[in-house]
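Okay, handing you the structure first.
So that you can tell them apart, the chains are marked A, B, C, D and E in the order they are listed, and the count of residues begins at 1 in each.
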């Protein structure tokens, strides 16, 4: 009986997560376009609904009903597999993400996370690594030059930034003595990691920008010179999958930054509910992402690689060595 | 591990540390200083410093790194074989690498790393450290094999080596995992203590078979010999020379450590090993008969020699171990000598890889021909060269344990092997020269030839000291 | 309870695949399908495509990057468990890993000097 | 330990070889080589002069540790059995140098070096008192001999050299196994004298006997494994043939005397009939083959097989006359057959043919040559008054005492020998002058005479007054017989 | 608790698949992938046994195996790149020049 309840709870949580993550891009796209508009002294979407609020819904319906086009020369199996492969990893990662300790619902204590893994951090990196397959398969299967080139570049970029990203969190693990995200947040009850790990945060955040393919690192999707990167040939709902995955990753990076460096749901000064603290912090970082997008120019590809390998990687290595000697 | 234990461990592994550090420094320095002479002498200096360290630490047995590593006399003996082979390879490489255009710092650094891998193998007392050393060595030699990037034979050889090497590692590891599953430890000392049941447990036997298979690959014995000829032919000749000696010795160091473990000794694995020895020697000897390419012939010859050395492993016991060790030492001298002669022939457009290329060599270069004759007769095992004493001692060990039949098989097969060495002598001495010879006889090559010749004839005439050295270096005794 | 920690992962994978499949199915009911040769051509800004796109000839730089990733990623694997227990093993443990990192840095410096990280040729 | 005379004898040629390496002119090489060999011969004469004939003990012994861990020593010493061979080797060494004076015209230095190294090793074999040392000398001989045949030989030299090398190597490696087995059964020592004192079980003895037999039989050569010999002899240069026939073939028989009989007495007695039968077979078979030859060198080569059959017959008769005869016959064969090869070589230098059909009436052209040829042919036929008569008579009487049938076969073999030798002499020396007048044959010159004369002296000396020679071997052979039969009868 | 022999059976199956792939497949990349299978079967064994004995050595060994395999594959790919530049093929049979 207990087991059934536990399993039911898990199923419920998973379903809720999927629902939230699938629906979140709708407001986020709207928000992004609005922010873009206002930054550029214009209004953004205004036609569909009040201040264009229904615009994302209209976009969704459009994508759902658009013709699904597969190029003649494509590898059909991989072409169809790639969007799902790109969509799944960010969703799966969220299984390991805690949003808070517990909440009381109808007198029962319910944890605000699906699973508390002791190796959650490794799990996050492992699963995010799978994302690359979606990218490379998508570009390759289309058999179009823009797509192949785009996928190769994206792939190279993602793997380049994965390394500093991984190194950047070592300091956090040293501090928390655990790879469990829950433990990491608990360890920040008094002092947030950002205090001890500013360099780690910097590296992680910049690498996160690149992982999420956001400006200033969205080289592969540079509309100007590469069409739309690896998903040039995708249309309709499959294209939507890639977009959803992209937003999910952005969300994921924000969440991770908050958990790893900004104390998670631990508040400061103002006693708000922990969950709210968490959401606010995440929202701030999402805003930061969007802000960057419309503020920074895009890097050249060689600059992109140089930043990853010649700046972030040495920085993260130095960070590990110094953190290690201080805290050992 | 406490700081004191760490210090002790560092002390015990000082030679390895020297080599690795030196290699690292050279790796970076080599990007700025590109003079060939500097690279050679720096590498030689690193090896010599390591040798000095080894010598200073040789006095006592030093276990280190919580039972993963040990600096004992057995390891010291093998390390000196490695130093010898590596230094001689460096000396041989100077000119050859220039001719082939591969004389950059990576070449020397990779050799140094391979050396450190072999040193770890010789000292390893845990299957994990054995594995790490093994792979370090294999990967470096692998890259070196493919160092002639523009040459397809070299690429092919390297690819074959790396794939087959990985397969054999996989098989070896599977055996290790079974041993771990059966005994709950990977330490060689712990293994024997942990086994409680029947030593003829089929699972254990299977595990041993797998480990044998993996290790046998490294020494190039049947049934994992097929890489040897291709790799020897395709690799740069200096690397071939190196590979035929040092990694093989390292493989035997591990085989001796693993096989003479009571656990394995109890499992009747010697029958398998004996079969391997016989088949290896037979295959190496017979297939070598029809080779035209010198490097390929030497490859099969090295297979045959590996077979002979495995006979020493079969014999086991203190004498068996000592015989294998002495065999490897002597083999290093004579094989590096003959390879030195082959390398020396590489000059201008002349490759000197085909046996017929040597026709009438004795006519214009009697001295060098005499040296080649010396090495070849030593490889064939004719007294008073060192090769004879090496074989003799293995036979003594075999007969001591009562394996007279094996000894008879071994000598009969070595008669077959003698045939193809003598055939080369025939070509050198009894043919009319087809061309003018212009061997690349630099002072360094001369020095190498002198050292190897001195070793080949010196150990042959005065084996007592080396024999005592080998006998004293046997572990556990 | 390892099972309870990783079971949700399975659920999540199943769930997301289910949702994606369902969406695709719904979409296939709604969307038109009208392929013809010109539409099926790969997008090349209106030019007729020539040659194979996925022919296998790429800049070596990509391979080098892939190899570097494999090496560095695996090194991370050693750092994580070490980081967890660093406070227990103290300075001695730190020194041991420091040596490891040093070797890593030497390798990295070598790659840098060798120009493996330069994208421009 | 005294004066290391034997070491000196063994090392003199080796040192001479080293000196030769630094000489440039061919003539200097020849003279130096001759000087070295003559010096060595003089040392051997000095050795014989000081030889004590009354004892069977090893004389002039010297012992130094070599590989103590395995009980290997550098031990030299001679008794009556080996003394004669040491002398014979040194004698033939000088003659070889003389015989190659002009016959070898290219790579003279290398040839002389090989020859001197060869001589050192052969002397070492006869002097060694340590099995390991013996084996090293024994096996190392392969290298110079291989080169002598392979580099300076006739047209088929490469094949012959290979065959020689592989046969002997295979045989001696099995011998090596036997040696190692003996080492472990005999108390972990390689000391021949100590091993002689061991009492091995019969089972072990017979295995060892066959292991040794293979090696020695190849060297002798006995019949089933003799096929390398005609090739090697025919292709080898004259000096090579002389060494092969004069010394190398003796080594097999010497091995029987030194190892098989004293160390494995019971097996030797047990298998003596087999050995006698093989010997008789060799005598008859070699004789028949010799009879069928047209090539002079082949004829002499096959006659060697036949003659060596006498030697082994004598040895395995296992009685005093047989063994003494065998040893003496070995010496005689060395002198006589060496001389015959020399003669074939001399004529070949002049005519470049060895076919008897090309010759005839040589007596007129070269009277001195034919006269001496007659002497040696008569010696080879064992005519009374020549050296072989004494030896063969002793062997035959010993053989008859041991086994009547074998003795009879040996007599038949002696008759065959008379047939082919006389036939050869008739074809070459007598009859009408050669129809083939291409050759301008000159008689022997002084240098050749210098090579021939000592041999002729020994032919007649042994033939007419064998006592000094028999005296040398007598004590040792008697002791040997005590070892063989004494052990068997349990005394 | 999953019984030990399940893991071992999985290991055996993977090992056999990997070995068969190495021996039978002709594409070098597929061969490399098969190698990974082979080595991963070893890792499964190690971890299962480590868990069985409640010993951390198995896991350590597995980590080392993974790391070294990565290096091995890196080397193999590097060599493959050099090879393909000289002769554009990925078929094992096309690569073979040396025989005998």
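The rule is short, and it goes like this: a contact is a pair of C-beta atoms (placed from the backbone, for glycine too) under 8 Å apart; a residue touches a chain by one contact, two chains touch by 3 or more.
Heads up on the chains, UniProt names are A = NADH-quinone oxidoreductase subunit H; B = NADH-quinone oxidoreductase subunit N; C = NADH-quinone oxidoreductase subunit A; D = NADH-quinone oxidoreductase subunit M; E = NADH-quinone oxidoreductase subunit K.
Keep in mind the model is a prediction, meaning the values are calculated, not measured.
Between the contact lists of subunit C and subunit E, the overlap consists of B. Shared contact partners of subunit A and subunit C are absent. Central chain by Cα centroid: B, whose mean Cα position is closest to the mean of all protein Cα atoms. When the C-beta contacts at B-C and at B-E are tallied, the pair with the greater total is B-E. Compared with subunit B, the chain whose C-alpha mean position is the greatest distance off is A.
On a Cα centroid basis, the chain most remote from subunit E in this structure is D. In whole angstrom, the spacing between the mean C-alpha positions of subunit A and subunit E is 32.
Inter-chain centre distance (subunit C to subunit D, centres taken as mean C-alpha positions): 81 Å. We define each chain's centre as the mean of its Cα atoms; on that basis subunit B and subunit C are separated by 40 Å. With centres defined as mean CA coordinates, subunit E is found 26 Å away from subunit B. Counting partner chains per residue, subunit C shows two or more touched chains at residues 66, 73, 91. Shared interface positions of subunit D, defined as residues touching 2 or more other chains, are absent.
In subunit A, no position touches at least two other chains. Contact annotation for chain pairs lists A-C, B-C, B-D, B-E, C-E, with touch applied as defined. Contact residues on subunit B toward subunit E in their complex (touch as defined above): 128, 131-132, 135, 139, 142-143, 146, 149-153, 155-159, 162-163, 165-167, 169-170, 173-174, 176-178, 180-181, 184-186, 229-230, 233-234, 290-291, 296. Residues of subunit E touching subunit C in their complex: 63, 66-67, 70-71, 73-74, 77-78, 81, 88. Subunit A makes touch with subunit C in their complex at residues 6-7, 10-11, 13-15, 17-18, 22, 64-73, 83-84, 87-88, 91-92, 94-95, 114-118, 121-122, 125, 129, 140, 142-148, 152, 155-156, 159-160, 162-163, 166-167, 170-171, 173-174, 177-179, 227, 232-233, 236-238, 241, 301-302, 305-306, 309-310, 313-314, 317, 320-321, 324-325, 327-328.
Contact residues on subunit C toward subunit B in their complex (touch as defined above): 91-92, 95-96, 103, 106, 109-110, 113-114.
Listing the residues of subunit E that touch subunit B in their complex gives 8, 11, 15, 18-19, 22, 28, 31-32, 35, 38-39, 41-42, 45-46, 48-50, 52-53, 55, 57-58, 60-61, 64-65, 68-69, 71-72, 75-76, 78-80, 82-83, 86-87, 95-98, 100.
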